[in-house]
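Each of the next two complexes has chain A plus one more chain, namely chain B in the first and chain C in the second.
After this line comes the complex of A and B, so read on.
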């Protein structure tokens, strides 16, 4: 391959996140010979890779919702709290008991499951729109505006669960976070659907252009007639919605809702996933695929430290070091230096 | 190809064989440039000729591909702006690059804030800044944030910043583009003093009159190549234009009134009665017809831009009425104004106009797409067609439609913004300083385009601090003073003097 092709590839915004992910996977393979093995049991696929994909799903959802927010120069630090609120809403509404009637197990929920799911999604959307209103109508700084819900949200979630961990006893609900479809975890289909929806919205409508324009120069976009306010509002709304989905997925997976710990620090991982994927925190151009790769990097990293037996205390340090390396290599200066291009200010 | 008589003096700075390419653009090729102590040396050339690039090579913003720089007889490598400053070179770049949130004083002394006991000495700082600005006859509150001042003052602050430390070379890249006559005179007086002290000054402007007023020597660049270096006295204006453009152009239209020869205007497009906004302008009665250019005459701060902002819905009217095509209208945002067929090229191109990292194509279709909404997305084919059509029609100099607009030269950015509005097929265009930073030939092209559209029935509100230009292209001129309209003049009866006379209170 000639060097200019190579240079062009190295300059591609997805190059570094992909390389980082591959390196992590290879490291895992080096320590664990069966890392890449995938086997089929009862038509379900199992293996480390599937496990990573599955566990990365909630984070990927939240990070996908966060991407347009960051692209419009915003940030939403309340997503972790929204995850907890929505998980609590679903858990309280579903609750559930199992009866044995005529020797058959019958599950009964407090309210019909679809209704509970819709309610949780609606709550997430409302949380997002609340944030969006504070930012676009009231004009608050995004980090401050969402900080309010980040703090208050935990309280709301605990009120909903009366400060306790609510256990869910309703078998059908567990499909969401632990079920399988066509041999793959069902959660992967949800992530794929959200990714596809976002991709269509941003590529097949003008939304992508408007979001990018607002992120780069909000004033000029406003002068060009872009509905900057409405777009900002709905971008936050959508972020709340994806957080709700993640909340449902997590509560379904652990069969409970914990107002205190569900989605804890998830906002930071989500922001990190978005940045690792090559979207600048300064707003502007964004990459949805990059975000998904970012989420996978974070999850793989967690998996790696765990499987290498790194003590939990050192876990966060290892994570920080890897993140540092990826972020540093993403700097334009270094990239240009790497591909031997002179620095252009 | 140096035609200037070899000066007895030795240049303090020489740049020889300078080459610089960007991906897809050869910005400079084998350019030689000399700077003498005690002289003002002006670089002239069309938009995209490479003037700013030559400066940025000299100040270490861009590394050269080839060429040498010698300062005071010794070869010099300048690879960062800091090393240029260390070598005594101070620069005011074309795009004001200060910190909008910091105070004026901080902006001027950023990087060497005066200290006392390890803390910033605010008193000394503010006093020094005020003193420096009063040298430019500017009395403003230096503790207020920079972006609370209009762009002209920001430009003066940028100049003051360059003068804040002693330098042997001062570089000014289009420092006068948003200054009015008086301020330019003040700046020139200052430059003459500096020159007398032996400073070498590199100056860039598109105003021919300014070039002849201040420069001792002129270097002409064309398409990134050196056309020649001349003593100002040896290069009459017509010849200079010819050298810059490389062909004969009809300079007459630069001086002859144009609008007056045009067809009679049509029906009223927009009319305002008692329009006003607290704190900006009040009681404005304006009427603009289809196929007519209404010029806004007035000095800096007379309310020209404020009027434009009201008409475009950026600021909301809080008194009076506006009607469009006979129907009353109310604009709460630019979006509303755009829906009524109004387009606005703002004076602050960088802040309110371009979306720098987006491509020329995306910038051109942005307003059209915004009006069509989210879902009626222009196909990529349509976008390409529209962008390429205007790139061709307006002669926008860019390697292709995918180049980020921020990488174009200033004049070409302005043309792309004009294209943005033309693509929406507006009923009225508000042009606020549309020819700021635009070269002579392009100025003619742009005004030709605008007047051609006007003949097809476009209404135009034309704002320019060059009164001559306003008089030349307008059918009527509404004269503003102290944020109020004091009268109107017809193209036939108006010349620059009549406008100034009215402003001075001669007759309303």
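After this line comes the complex of A and C, so read on.
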């Protein structure tokens, strides 16, 4: 009885990513005795685990937005460029200066901060909807449709910042990426909110079913009355919105916006996170929690290579090997080959 | 039956129309530059387009084959960088002779392409995710070899880099000669060899190609092998062009190569495309850069924006032509494939049609 329950747990789609994450954490613990230590300073929690969670947040946001896109059998390779555009919008609008008046530091922004944040989010949404329009209305392949913005996006971001790295001098804005709430980094609450919203939308309404239906068979779902076009459009729009949030978070964390390097190769990391989490690239199957675990695996991997003293560039090689392994293990072909040979005990 | 060209229907044939538009666009852009800027209208400016883009043309040739077969290869930029890195390390730091280094890197490129092809064909993986992994791997390997940029002072490399063929008062470089040979070989391969037919057939309809008894698996692996080889050859010419090896070389070149291919009229759904189109696609990207250089007031990021806009225009045009032709065929044969005659326009449809078929056959 007990063994069968264990077997069922092992077959759970989240089992593999979770085991991978735990193995990585244990490896880190083996090299660094203080890895699991979390201490509280001034009511803020500090430690390697908190650091990993905090740094994984932008990637988790982008990957969460990407999950429904991939579930509808699409892909959005423009998210890195959208991150750069939105960071640029926020940085240009806020800019900011610090004056000292009567011994009190006063921060002045070019445009009120809520307005700047809303503008950046709106730009992200527009970018996403533009991708969605090309995919669902014009009918392009998703990778090509989003490739257009990927090519042009970095140009647009540099146009906004006039090719410069724009530094932000506005203290309140830094709360977004580096602030603390109830002792935890504020970025964690944003990720949790997005995760909760997506979970409610996909599990408590029929939307999740529609998204999987489109991913399994777009034509059949269309004839079954699913509004495939509108859903595809808004799924891409949402992906742009989460990329904008990540852009805000990154620019607030590093206190600047760099049109060339903000969110560089992020699209690849996001796709990798989604795949690691058990979402099928062929569409029709997705896991939101899995995506978050995927993002954590990638960030832990980065942390591990750093703490092992391997050059950070080697990270790319490790990620590539992970991509190949994950893809091959996910492929039906491999399963067929394995099944064909019966187990001989 | 000597009909004038405009009555043969070839001008409006959806297969050649994008090519003609590309050609017209190139001429218009060059004419605009000639009128707007002094010194633009010269043979050397035209030849410089080839000199500065020889490596892109070579890479785009490989990409054209891949796209015609219905796939995509995102790893080429990384492979170019890796080739420059390996060449520089071997030639500069280990003093290997050039006639060993170049065949070695070309073989490595082809081998890497074959590896990706095997993953795509035999594990039924999506080309874009496999080659994305390839991009990670090649860029990462560059930095494992060396993080710094390596300048090449090896005499064989510098001589080949400085070699010029003089045509009167104008000159072309070694790279242009290599690109010309590669282009001629690619035309021969695409239009005068069975391999080319197979590639077009697979891109048109993989299921049909399989049922016809064509060697689908072998051809698809070979297509990615060819693309890897072309990327390595592009890397060799890039080494001549820059005389250095660096892991950040050729960033975003995969995007330029895809853009050149698409602007050249190759359909991203596969089956349709011409290498001549890719040539003019590369030249158009070159002209955009030259125009911005001549203008002097425009910043470099406009290149990316213009390329993105052109890519968008050509993709939308492809879709419209596709809809137009399917509509015409439907009318002609009087068969409506789906009830109501309304075509499902969800983008994944095309992908389903291609990827889904083999699994059903197996």
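The rule is short, and it goes like this: the second predicted complex is superposed on the first by the 316 of 345 C-alpha atoms of A that agree within 3 Å, B and C clash if a C-alpha of one lies under 4 Å from a C-alpha of the other, contacts with A are read in each partner's own complex, and residues count from 1 in each chain.
FYI, contacts are C-beta pairs under 8 Å (C-beta built on N, C-alpha and C of every residue); 3 or more make two chains touch, one makes a residue touch a chain.
Note that this is a predicted model, so its numbers are computed, not measured.
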Check chain A with both chain B and chain C modelled on it and let me know: fit or clash.
-> clash
Is A:154 in contact with chain B, with chain C, with both, or with neither (first, second, both, neither)?
-> second
Looking at the overlay, what does A:181 touch: chain B (first), chain C (second), both, or neither?
-> neither
Where does A:72 make contact in the superposed view: on chain B (first), on chain C (second), on both, or on neither?
-> second
Classify the contacts of A:209 with the two partner chains as first (chain B alone), second (chain C alone), both, or neither.
-> first
Is chain A touched at more residues by chain B or by chain C?
-> C
Using the superposition on chain A described above, determine whether A:144 touches chain B (first), chain C (second), both, or neither.
-> second
Is A:222 touching the first partner chain B, the second partner chain C, both, or neither of them?
-> both
In the overlay, answer first, second, both or neither for which of chain B and chain C A:163 touches.
-> second
Looking at the overlay, does A:327 come into contact with chain B only (first), chain C only (second), both, or neither?
-> second
Can you tell which stretch of chain B collides with chain C among 59-67, 95-103 or 203-211?
-> 95-103
For chain A, which residues lie in the overlap of the chain B contacts and the chain C contacts?
-> 217, 219, 222
Considering the complex alone, what residue numbers of chain C touch chain A?
-> 72, 119, 122-126, 128-130, 132-137, 139-144, 147, 247, 252, 255, 258-259, 262, 268-269, 299-305, 307-309, 311-312, 315-316, 319, 323, 338, 344-352, 355, 359
Write out the stretch or stretches of chain A touching chain B in their complex.
-> 204-207, 209-210, 212-213, 216-217, 219-227, 284-285, 342-345
Which of the residues in chain A end up touching chain C in this complex?
-> 72-75, 134-145, 147-156, 158-159, 162-163, 214-215, 217-219, 222, 228-229, 232, 259, 268, 271, 275, 281-283, 311, 313-321, 323-324, 327-328, 331-334
Across the complex, what residues on chain B touch chain A?
-> 22, 61-63, 81, 312, 314, 333-335, 338, 344, 346, 351-358, 362, 366-367, 369-375, 377-378, 420
